[in-house]
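Look at the two complexes coming up: chain A is in both, with chain B in one and chain C in the other.
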Partner chain A sequence: MLRFLGFRLLRAAITIVMVVSFAFVVLRLSGDPAQIIMGADAPPEAIAAFRRAWGLEEPLWLQYFRYFGAIFSGDLGRSMRDGREAIGLVAERIPATLALTVPALLIKLGLGIPAGITAALHRNSFIDRAVMMLAVAGFTVPSFVLGLLLVLVFAVQLGWLPSGGQEGWRHAILPIVTMGAGGAAVLARFTRSAMLEVLGQPYIRTASAKGVPWRAVVWGHALPNAAIPTVTIIGFMVGSLIAGAVVVESVFSWPGVGRLLVVAVANRDLAVVQCILLLVAATMVTANLVVDLLYGALDPRLRQRTA
Partner chain B sequence: MIDRRSLLAGTALAAGLPRFAIGQSDQRPSITVAVQKVSNSNTLEPLREQSNVGERVMLTSLWEGLLGRDYGSRLETVPVLATEVRRISDSVLELKLRQGVKFHNGDELTAEDVAFSFGNERMFGPGGPNSGSTIRINEVNPGRAGRELPVEVPAVANRSFPGFERIEIVDKYTLRWVNRTPDVTLEGRLARYGAEIGSRRGFAEAATWLDWARKPVTTGPYKVAEFRADNSLTLVAHDEYWGGRPPLKQLRFVEVPEVSSRVNGLLSGEYHFACDIPPDQIAGIERNRAFEVLGGTIPNHRLTVFDRNHATLRDPRVRRAFTHAIDRQAIVDSLWAGRTAIPRGLQWDFYGDMVIANWAVPKYDLAEARRLLREAGYKGEPIPYRLTNNYYTNQVATAQVLVEMWRAAGLNVQIEMKENWSQILEATPTRAVRDWSNSGLFSDPTSSLTNQHGPNGQQQQVGEWTNEEFNRLSVELETSTDRARRKAVFRRMLEIAEREDPAYTVLHQNATFTAKRRDIRWRAAPAFAMDFRAANWGV
Partner chain C sequence: MSEPLIALRGLTVDFGGAPALRGIDLSVAPGEALGLVGESGCGKSVTWLAALGLLPGRARVAGSVRLGGEELLGAPPAVLDRVRGGRVAMIFQDPASSLNPVHRIGRQVAEALGLHRGLRGAAARAEARRLLDQVGIPDAGRRLDAYPHELSGGQNQRVMIAMALAGRPELLVADEPTTALDVTIQAQILELLGALRRETGMALVLISHDLGVVAETCERVAVMYAGRIVEEASVGRLFARPTHPYTQGLLGALPPLDGPRLPLAAIPGSVPEPTAMPSGCAFAPRCPQAAAACAAGVPATIAVEPGHAAACLRAVRELVPA
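Entry: the complex of A and B
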């Protein structure tokens, strides 16, 4: 088990270093932060002063090693836009993002899994077709389209809810529904497929033939075995809790990590981008680690194989 | 140039404002304005926030200068915190301050505050004006923990006030601006963005520069209640405002990056104003009779800029062909619904007596363009056109139209999409044509033609273009005090940069549009600034 954990952690660390290095190279080679942050009309001497001040005139490799040296000493750098610590800027935004992504995740789980199970248990029935039609619609309509559609109906036409901003709980409803609907659709489709595959297995037929009540067959045999692909998807969803609302935050003017990321990338505000990427990578890697451990818990055969 | 008449008019206007305000009810409205961006730098300090978006939220509402611009008219220079400006010599101005002006912290404005505002502490840094030194943030000045200025602030200040030497305090309400060199543009520079006055005590009491820059203590009609970076700015009425009680109890700017979200928020009643409306959305919004779209031209011209080092553009005849192949009126009519104008080259009416009245952009003349290309021996070599995705309103559509117009003249221009300004300006052999815009920062051609295209301007600094005669004249325009000679110099500079050896060509004047509820009586200024003072509310 320790070897398993150690291997996963080492892989996670390598992934994070690769993500951060890739982002550093891409962002620095695709634009000069001084020119971008100072704007198209900034005086040349202001741009030059900015470059000198932030060490942007140094060779790229030196900037890279300087940056990594700082990370290992716990300094994630400062925003070139206003000089504040990047970690502080990002930390400020996390609660706002979680206020959307956590309820949205609950909606995804609460709607998607039961819908998928119901569709699978009523295969080829009206219920199955209705659920899948909604799921395909939710899966294929981009979140910015769904978001704008909801705004048009519930904010502009009916006037029931605000169209954007972050003033109170009412402002969170439409973005949460937008995110939740798409994710629930994905989960419903995966859960249905997994359930159908499991329901066709010989051990399900055997259990039914032995007279085990159908409800017990579903709960005791079908669901645990169908959970693995669903858990994988849920792992991705948990991993994207921090920065998974980029589009929705932009559509609904919600000041979370996603919008900060968009602004920081556009401005080549390297420290802020890297800080967010570090957090995202760490969350994703942790979620994957937990998923890997859950695989073992759900299926003893996998546990034995890993051991 | 400010004159006696405008000084008197401004003073009379100011005197009238308090009486108007007294009659107002205490039940003042609070409004919300949806903007694309509140501040690019996440600060409210004009010396750091050098942008149009900053001008929108800060000018007239928050910050004021000694002189300013008439936003209700054609942006002429008018008195604001100074009531009298007198030339002592070519390099010295004497200014009388308006008495009884209160800062947001209750202090009265005095000459000490003006000296502070143009002093090293706020503007030029420890080295003083034009010291040329830079502090390295990562090493010497970690985190701007104290009140050290960001490096770009002194750079911007030195560019804005190139000959500034010192402020001399004569008495509590009188001061002298002393320049090292003669400068006929001083009055204009005092009215420009960046010359605003802040409270000396307010700055001293701020724990850090960033604290100051996010909640500056100024004299404007509204004061900062809350600034949430990348989110919103809430201003509340400064009831001791010298120009009369502000008409709004609260003025809130919220950041809504998406156009559709701004429009939806306006239509659903959440926002009273929605800014940065693209021209193609105007008709859709106005179909609802409850709303209207105001606005129009602003002191900013859209340009096509040339790199004369590009192999094909070295011959000025090719660049001249570009300038003649553009049907500017077609662009204005089709992409701007006719709601902007074609200016007389890189100049504005508020240049006053410096305006070259009989100047115009190159005539749309395809035959002439073809003739020039024939003479230049142009054989259809591809010419790259670096383009960002709608950094400017209608930018991509305009570019596509331009490429077709140039193709009609025989020019083979190929669009290369770029993501940012750094990629646009990258000095490689493929840099040839790009977009830009130039602003008229104050009432003199040095504010644009010299500032942007002169020897220290961006175009020459990035190595796109230079011209010996133009550079010589540029220095003369900045230093000469002979107005007739300056005007002749300006004309000759326009001839060089727009006709003989084109550095750029002006396409049209830029415009900005603001959608609002029709029942709100308010006028849009011919600028980015939104005026919410008493004189412009309920009009």
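Entry: the complex of A and C
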């Protein structure tokens, strides 16, 4: 178990390093922050001073090693726009993002899983077809289209809800629904196919053959097995709690981490972008680690291999 | 035959227009061991899955299944749940996938004990341990906490049998219980089934495509072909005087133990598709003794002599010489 955990932690660390390195290189190749932040008609002396101040005139490999050295001493750099610590800028946006993504996650779980189970238990019935139609619609329509559609109906036409901003809980409803719908659709489909796969297994017939009532067959025998593939998807959803709202936050002008990322990328605010990506990679990797541990808890066949 | 324990009458099963069973009449007496043989897809398993209401919803089942006077077809779920695993238990072909991979073996046996004998907690665990012991699982106390993947196929089948015994059934339906196992393990499992039958007095239906297995374990045999029973007799009688050409073909296909090496005899052709059944006798297109009359209508099952019935026009001719 310890060896397994150590191995996984090492892999997680390598993943994070790779994400951060990739972001570092791509951001520096894709435009000069000095030009963008100072403006196109800034005097060359000012731009040169800016580059000196931020160490941008040094060779890339030196910047890279400086950057990693700083990370290990806990310094994630400062915003090139207002000089504040990047980590502080990002941290103050996290609550706003979680205010959307956590309720959205609850919708995904609370709607998607029961819908998928119900569809599987009533395979080929009207319920099944209705759920699957909604699910296909839910995950084929991109979130920015669904978001705009909801704004059009509930904000513009009906005037029930605000179209954007963050002044109170009513402003959160449309973005939460937008995110929740897509995720619930994905989860419904996954849960359905996982359940169908399990319900066709011989051990389900065995349970019925020994007189287990159908409800208990579903809850006691089918669900624990169907949970194993479903947990993977839920893991991804938990992993994207921080970063999963980029599009929706932009559509609804919600001041969260996602919007900060979009603005920071547009400005080539290197430290802020890298700080966010580091955070995203860390949450994703942590979620995956938790999923791996959950597999062991759910499936005794994997427990041995990981022990 | 005394009052049957379970009686199937005119049992038909249809999977969306494809008939799988075309009228099965079959009885099992208390304590009797009946073998049900036939090729893959002839409906052996479907017969008993249908009788216990274990087929998927799209299967249309008709006819009658009476267990000691109680009709099982169309019975409410609560009645079926009490019968299944209680009065009639069933074990299956592939023991490894027939046990739930995420539950411990002790729990799976104890579940049946809770359902049919009201045993819970320590009492259920003690009884589960006794059952594992009874079916010959070594170190039963420790095996209770094992998962199915930690046991061999033969041991898993023993667990399945223990689980089946948990409800003290009057009938055990064993659906190809040894097909997925090594030959040596096969013999052990068959021996175990025979011993348990003697100990408990339960009846046994052994579904198999292997006539040899049936001959060793059973007293009576029913031969199925394309969704019908074509011949039914005591084991001795069937082997000595098979009447239906299909049974004769099956026996002829068994390799002789002594004598020179000969190519195995096979029955030419293959089983007709359920959607393309011949109009008369389903075996007629493959039958070496078929006559024009065979295509005219499905031959009725008639008693060649007491306890021996066959569904073949030739049997009628033998009985009533023209």
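Basically, the second predicted complex is superposed on the first by the 307 of 307 C-alpha atoms of A that agree within 3 Å, B and C clash if a C-alpha of one lies under 4 Å from a C-alpha of the other, contacts with A are read in each partner's own complex, and residues count from 1 in each chain.
Rule of thumb we're sticking to: a residue touches a chain if its C-beta (ideal position, glycine included) is under 8 Å from a C-beta of that chain, and two chains touch if they have at least 3 such contacts.
Bear in mind that the values here come from a model prediction, so they are computed numbers and not experimental data.
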{"item": "Chain C versus chain B on the shared chain A, clash or fit after superposition", "value": "fit"}
{"item": "First, second, both or neither for A:Arg259, with chain B first and chain C second", "value": "first"}
{"item": "Between chain B and chain C, more extensive residue contact with chain A", "value": "B"}
{"item": "First (chain B), second (chain C), both or neither touched by A:Ser208", "value": "second"}
{"item": "Touching partner for A:Gly55 - first (chain B), second (chain C), both, neither", "value": "first"}
{"item": "Touching partner for A:Leu298 - first (chain B), second (chain C), both, neither", "value": "second"}
{"item": "Which of chain B and chain C A:Asn225 touches, first, second, both or neither", "value": "second"}
{"item": "First, second, both or neither for A:Val156, with chain B first and chain C second", "value": "first"}
{"item": "Touching partner for A:Arg81 - first (chain B), second (chain C), both, neither", "value": "first"}
{"item": "Chain B versus chain C - smallest C-alpha distance in the overlay, whole Å", "value": "50"}
{"item": "Residues of chain A that lie at the interface with chain B and also at the interface with chain C", "value": "none"}
{"item": "Residues on chain B engaged by chain A in the complex (per definition of touch)", "value": "40-43, 50-51, 134-138, 141, 143-144, 150-152, 154-156, 158-159, 210, 228-232, 254-258, 260-261, 264-265, 267-270, 391, 419-423, 425, 436-439, 452, 456-458, 461-462"}
{"item": "Residues of chain A touching chain C in the complex", "value": "201-203, 205-214, 220-221, 224-225, 298-301"}
{"item": "Contacting residues of chain C [partner chain A, same complex]", "value": "49, 52, 54, 77-78, 81-86, 89-90, 92, 94, 97-103, 111-112, 115-116, 147, 149, 160, 163-164, 166-167"}
{"item": "Interface residues, chain A side, partner chain B - complex", "value": "30-33, 35-46, 48-50, 52-55, 78, 81-85, 148, 151-152, 155-156, 159, 162-166, 250-253, 255, 259-260, 262-263, 266, 268"}
